[in-house]
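Structure in structure tokens, see below.
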Amino acid sequence: MAKQLVKRDRLPLPVRIINTALLIFVVVLMGLPMLNVLAVSFSTQAKSDTPGLVLWPSPATVQGYTFIWNHVRFAVPFFNTIYVSIVGTVLHVLMASLAGYVLSQPQLPGRKTLTTFILLTMTIPYELTMIGIYAVNRDLHLTNTYAGLIINGMISGFSVLLMRNYFMGIPRSLAESARIDGAGEIRIFRSISLRLSISALMTIGTLELIRRWNNITMTVTLISDMKKWTLPVVLRYILFDQTTTSGTSYIFANAKMAAVVLTAVPLVVLYFFTQSFFSTGIMIGSIKE
Amino acid sequence: MNTTRQRRLKKFRVFYLMFLPVAAYFIIFTYYPFLKGLIMSFQENRLLGVRPFCGLENYRFVIKEPNFLASVKNSLIIGLWDMGLYFGFSLVLALILNEVANRMVKQSIQTIAYLPYLFSWAVIGGVWALIFDLQGLANKFLSLFSVEPIFFLATPSLARPLIIAMGVWRSMGYFALLFTVAIMTIDQQLFEAARIDGAGRFTQITHIIIPSLTGTMKTIVVLLSIGVLTHFDEIYVMVNPANRRMIGTLLLYVYETGILNFKTGTASAGATLVMIGTVAITGLIRKFTGYDEE
Amino acid sequence: MKANRFVTVLIVLVFLVGGLFAQGQVERKAVEVKVLAGVTGGKDDTENALFEKEMEKATGLNITWEKPPSGYDQVLMQKLGAGEVYDLLYLNQFQMYALANQGALTDLTSRIAASSVYSENVDPDELAKIQMNGKYYAGFNKLEVFPLVNVNKAITDKVGINLNTLNTLEDYYQMLKKVKNYMENTVGRKPYYPFFTYMPDIWDLQPWFSSAGVRRGVFKDASGKKYAPFVQAQAKPVWEWLAKLYREGLMDPASFTGKTGDMRNKMWQSQEIVMDVDWAAWTGLYNNNAMTAGTYPHTVNVVGLPGTKSPSGTFMLEQGGASLWAIPANAKHPDEAFKIIEYMATKEGGLLLSAGIEGYDYVIQDGKLAFTEVGLAHAKDHGAPFPISTQFDLGVLGTMNPGVLESVAIGKRADVEVAPMGYADGELDARKYYDIMSKWMTDCIMGKMSADAAMRGAENELRINSLID
């Protein structure tokens, strides 16, 4: 049964050819920066600073990586990043699905107001809140704590609205019939809506994890205790902020790009594999016992 | 009347409770700091100590700025094009990707399409500048057709298209993913039924997939509309003296005039104006797309 | 009921996670001097703690040396704006002016005048450069160097150019022309643009405007009227000279769009340019990098030159914007904070801010500094590669990069005047000045507009924005 569903019809050949051509185009275009960054990171110090686009390192070397290895103590910041990102993401997904689920209730009185409440949070430019955000966190004793890094960004309007949308895609008849069977709202939320939204939850989770992993602004705002720095902040500090105008040291592009690669690789792997969770379709019928 | 209302509220009480933690978060970590910023926009530029109120002075200062109108125009042009193109390109990419039968190939392409989003704008801007340099890849490609080298980065008429293209290039894979997920949640039985009716793949796309995406499309348009006036990072990394007139946006002004000079009032007033504009644009889009309807 | 319980549990959970980890506060000391530091300090948590201790030992104070990881300007604005109280702040010169104009900094004039440390260690000429309306609002972090003309002598030697005879715009023009001709026709690198100047901040133009005797920025005349010399008549020949360089392919087009990093790489790595204007310290870094690549001195041998002679016969160079230490108006311990400012101006303080910490970055062997591996990685820079103290002997730091001492020495020559740009007594919005100037003058240099028209355009916009009167 399942196998039969995965198989599907195909488009006519000419359309398929156009599609393939377009996809190759996209792959080349999008792969370019990664290739450039990789090539530079594996170049020699001198070669990595050669002006122009490098797409292949010659000769190849791991100099850039050894430089970072010798200059950055990875263990603590790496652990900090993982801890903060994972705990923060789990909470984020939980909160986003709660709020998204509420907003997806068609008959809920005040639904529009609540939606506006969420939408407005996204329209506020950071420049307007940057001082206030620091003040709030300080008053709540969240500066220089992991909790601060976890709680800030625990929810975002973006994720709420996406979850709202995915929940709205679930046929309402499922919930209705469950209600008739006497199921409570929480039960419906848990066993129908969440269960049918695994792919959406995975997506929101992946996107949030990546966002948190790369987040520098919030870490910089909250953390000045160097023991609690996260990986991207450490790398940026060592490699990009340290070259002062009248400085005496110089950091080569191969080390800088190696840092970019090291920060990105875990995310690329994560992104690739989470997709297997939702690359097959959902069968709504299967939920009806 | 009152009792039905009470009964209704009681019925929905659980939902309000579910919303409570979210509301609490936003009030503490978003609305409260926002209020502080808003108040600052009515106060004198002063970083330290007590800030005396000065009425609408900061707003007057921002609006009277000689380049204010030009930066509004730049913001709108870049923002609206970005909104339209992010939407169109990512939708098409998602639809095409969906037709790839091999799972590994599909996953790989999707990952690669997402790659630009993993890098900071500084890295992206660097690569982009190399490609569009006078001796860059783009000009090498054009020289195959014996086109004279174009000074892409310093040609004012190309400044906006370049910035817009850069945004599309970076964000396309991201939004395509959101569409892909929505496509994946379509009930497979619908396709089964269509096949029995003898519908080809093309009909399945136009009659099943696209209608099923309506909700997602609305959501994404609304989300994109929020970003119309807030493009900053890509401008910041690409701006140069030759293209400044074409791509200087409102937030660039807020940053350079306000933040860099510690002018708390100017920065807050500028940012508030950006917010008012955003609320207006998003409100229109929300109404126009029927976002709150089913 | 069940539903309520679920939600309650959830809320509790959320705040539990928060509460659990909320104890990680930095412990407070009894009487503490709070310092918010930018570049200066330890490079990681271990070293920063040691740095703090060294400072405490030297000053006898309780110090909290807070050093935000990145985005210092943003953090500074957030913390001060939210009412955080510090005793000492690291600022650049613009930030000092901006904050002093808002009345946010303590006037240090009398303290500096009374300080024996300052009178024994700080050159009065240096001190004059950070004055604002005759007052001082900050002390020094380090000695600032200056940008000067950097030329790759390895190439000009092959062309047969005597660099010591270059004094006028025409001399430099002829030199660039010869180099271009040589590189394109003898070496076969075509097109070759021998000169790069970073236009976005019109940053590196001072050695050329010296020929017209004018300086960058905005000045006040005797009547208090603000004027910008770069848009006045005497500056015109220099703009026209720059436009000529561009027109004749002597200026790299990337000057308008490239970053400083591109310029530097072209200089030492690929030799795509033969001349730029860069910091004195970079003369050494160019050569040091070339040494790493094995191209020094036969292919890359960068030397510093003072540029063009002004009508009064001097070479006018621009001092880099200072990095400074200021005491906020609301500081709780200004006296203690000033002690730290004084210590950083001493010979010993200079050693701490350059070489680092004894026993960590270096050890003393036979009365000389021997750098540890950590110390070498930190490149003798913990905020002040060139300490401000005149008593400090750079020689103790060991060998310098090739060429750097010669470049630094140019600034001390009698016929060389190093002075800061015009800040109009701290009133100038420098960012806006750069933007307006670079926008119009780029149009002029690229040949879209005559020098006259561009200067008029820039002048108008400067005036509309009240940058000049």
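Labels A, B and C are assigned to the chains in the order they are written; within every chain, residues are numbered from 1.
FYI, a contact is a pair of C-beta atoms (placed from the backbone, for glycine too) under 8 Å apart; a residue touches a chain by one contact, two chains touch by 3 or more.
No experiment lies behind these values; they were computed from the predicted model shown.
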Next item on the list: Take each protein chain as a node, join two nodes whenever their chains touch, and name the resulting shape: line, ring, star, complete or other.
Entry: complete
Item checked: Contact-richer chain pair (by C-beta pairs counted) among A-B and B-C -> A-B
Notebook entry, point to check: Any idea how many Å lie between the Cα centroids of chain B and chain C?
Noted result: 35
Item checked: Centre-of-Cα separation between chain B and chain A, whole angstrom -> 16
Check: Residue numbers in chain C touching 2 or more other chains?
Finding: 3, 10, 14, 74, 77, 81
Check: Residues of chain A touching 2+ other chains?
Finding: 95, 98, 130-133, 135, 151, 154, 184-186
Next item on the list: Among the residues of chain B, pick out those that touch two or more other chains and give their numbers.
Entry: 14, 18, 21, 133, 259, 264
Item checked: Touching residues on chain C, where the partner in the complex is chain A -> 2-3, 6, 10, 14, 17-26, 39, 42-45, 48, 66-71, 74-75, 77-79, 81-84, 142, 144-145, 262, 265-266, 269-270, 272, 279-281, 284-285, 288-289, 292-295, 320, 377-381, 385-386, 401
Next item on the list: Flag every residue of chain B that touches chain C in the complex, lowest number first.
Entry: 14, 17-18, 20-21, 45-49, 65-66, 126, 129, 133-134, 151, 153-154, 240-242, 244-245, 256-257, 259-264
Item checked: In the complex, chain B residues that touch chain A -> 8-9, 12, 14-16, 18-19, 21-23, 25-26, 28-38, 40-41, 93, 96-97, 99-101, 103, 106-120, 123-124, 127, 130-131, 133, 135-137, 169, 172-174, 177-178, 181-182, 184-189, 191-192, 195, 200-202, 204, 212, 215-216, 218-219, 222-223, 226, 230, 251, 254-255, 258-259, 264, 267-268, 270-272, 274-275, 278-279, 282, 286, 291-292, 294
Check: Which positions of chain A touch chain B when the two form their complex?
Finding: 5, 8-12, 15-16, 19, 22-23, 26-27, 29-34, 36-37, 52-53, 95, 98-99, 101-102, 105-109, 111-112, 114-115, 117-125, 127-133, 135-136, 140, 151-152, 154-155, 158, 160-162, 164-166, 168-171, 184-186, 189, 196-197, 199-200, 203, 207, 210, 214, 260, 264, 267-268, 271-272, 275-276, 278-285
Check: In the complex of these two chains, what residues of chain C are touching chain B?
Finding: 3-4, 7, 10-11, 14, 73-74, 77, 80-81, 94-95, 98-99, 102-104, 199-200, 253-254, 256-259, 328-330, 429, 431-432, 435, 438-439, 441-443, 446, 461, 464-465
